[in-house]
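Both complexes shown next keep subunit A, but they swap its partner, so subunit B is in the first and subunit C is in the second.
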Partner chain A sequence: MVEINEHKARQALIKASKDTLGEMAFLDVMELEEAADFKVGQQLFIEFSHPIRGRMLLSFPLEIKQAIVENIHATDWESLSFDEIDDCLLELLNILAGNFLRELHEESVKVQLSFPRVLFSLDEIGDIENFYVYYFDAEGSPFSVSLSLKEEE
Partner chain B sequence: MDLQKIMIVDDSATSRMIIKRCFQMAGYQDSTFLEAEDGLKAMSELNKTKVDIVVTDLNMPKMDGATFIKKLRLMDKTKELPVLVISSMGSDAMEKELTNSKVLGIIRKPMTPEKVVEVLGEG
Partner chain C sequence: MMRLDVGIGEWQVSNRPEDELKTYALGSCVAVLAYDPKNRVAGLIHVALPDSKVNQDKALKLPGYFADTGLPVLFEEMQKKGAAKKNIKVKLTGGSSIMDQNRHFDIGRRNTIAIKRYLWKNGYGVVKEDTGGNSSRTVSFKVGDGTILVSNAGKSWEI
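Moving on, here comes the complex of A and B:
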């Protein structure tokens, strides 16, 4: 197993987060230098196996969840079903993970992702001690993306 | 391109909605859109309905996009049907393989109207 350059991973994640949330949900995203406190309203998880193996956990408060879904659907939160909301958030994570991996390696790299899923508890993904946690701000609200990476064996 | 009927194949309803909206914003607002959530359902629909283009994701359950395109090329009815791939998983090797399957292009997600115009021109 080869250690991933943490700086490169951070830069790739910043670019992917800004691009994905900006283009899909029209949200301006900034990196935060320090950890931010927020009440987690939603957690989503995806694994990848190529060009590196790893896991990504997206955690955000209720207000960002609502802003993402309303902006993408261009409609009020109340008019959407639970399935529509979950599908929207999972698609966002799917694209975020794909963009991150291409930023980390190269644009033309083949990317292999699992199907993303909604988490009801962190117990569902086992060990979370090896995650690096990166904090961002989306128009005044903090959220985090946690990453655990290792080179493909 | 003159696209009266556009079939969108993606397991995510959100993604299908975004793709449809991007086409409409790219000038294809008068087109009729058909949707399928995987390759199997799309094949079934294509047996009944003639469309002008298929826009498909790659990473789908039941029948993935690459298999779906291969099957399209084996059927007389659809062997020349224009296909556009929209995915978060593309690669150079995949692009080459898909180009051999007469795919118009690969658009990387997130989809935007500009990317539609870049590949297909304005509607």
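Moving on, here comes the complex of A and C:
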């Protein structure tokens, strides 16, 4: 069992966020040292159960949502259906969570993830005070990834 | 053989098989190497920054300096010289993190992302990439067969 501490989790999340958003959505991501204010336009949630148990909440403003979707689909926002928009955002979170877990452990580790889902309210997940919140900047717009981790028993 | 040197923010396109395109000292800059093997048309651009919004005057004078203004010009020029868009394959090199080891203002990485974003949105595929790291690269590109040789500090490799 790999020991997990806040520093290791942070480093893994920074690398996973830069790689996932850079490679998949062609957005340049930098970590922010301090909390950033932004109007949340979309929240996505996923749980994982192996190699560690935990939860990840991805929150971003509308402009990042639009940039991600337009870059992945290589088309204008207006031409996309709600399903196309949600599908690519959920897939992004799925890959982000997988990359994070592999970064935290090792490249070949087998990961178990729940289906990612769109949240309409934080009440749907509860226990949000146990999340660590990490802030990032994607080409001028802030967003956050919240993590709650527990080693597998 | 004629060697066509490409400076920062410049581009060259050739359909003469005997030509070689060459650019030097790619630090954080990225060389986009586009080739239509069927019509034997090659293009090389030496991009320095991702986005022309930072200096639109410069973009007018030297569009190749920026990814968003340079790439359209490169592909337009290639098509004028006989390349067909559907045949064009793209390779990338450069984009090193030379100035900032902490990657806080990693222009090389930003250049690479901006270039890939443009290529993806415009239907061009990147077939090979040798980017990142912290070394400066020199690259030569043979028009006749599309061979690309990257070199640094006495070593060279094909991409």
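Following the convention adopted for this analysis, the second predicted complex is superposed on the first by the 150 of 153 C-alpha atoms of A that agree within 3 Å, B and C clash if a C-alpha of one lies under 4 Å from a C-alpha of the other, contacts with A are read in each partner's own complex, and residues count from 1 in each chain.
To be clear about the criterion, contacts are C-beta pairs under 8 Å (C-beta built on N, C-alpha and C of every residue); 3 or more make two chains touch, one makes a residue touch a chain.
All of these numbers come straight from a predicted model, not from anything done at the bench.
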Report summary line: Between subunit B and subunit C, the one with more contact residues on subunit A is chain B
Report task. Please work out whether A:113 is in contact with subunit B alone, subunit C alone, both, or neither, and reply first, second, both or neither. Result -> first
Query raised in the report: If you stack the two complexes on chain A, which partner ends up touching A:24: first (subunit B), second (subunit C), both, or neither?
Result: first
Requested in this report: Using the superposition on chain A described above, determine whether A:71 touches subunit B (first), subunit C (second), both, or neither.
Outcome: second
Query raised in the report: With the two structures laid over each other on chain A, which partner does A:82 touch: subunit B (first), subunit C (second), both, or neither?
Result: neither
Query - First, second, both or neither for A:91, with subunit B first and subunit C second - result: first
Query raised in the report: In the complex formed with subunit C, which residues of subunit A make contact?
Result: 22, 26-28, 30, 71, 74
Report summary line: In the complex, subunit B touches subunit A at residues 12-15, 17-18, 59, 61, 87-95, 108-110, 112
Query raised in the report: Which part of subunit C faces subunit A closely enough to touch in the complex?
Result: 50, 104, 109-110, 113-114, 116-117, 120-121, 123
**Report entry** Interface residues, subunit A side, partner subunit B - complex
**Finding:** 19-20, 23-24, 72-73, 83-84, 87-88, 90-91, 94-95, 97-99, 102, 108-113, 115
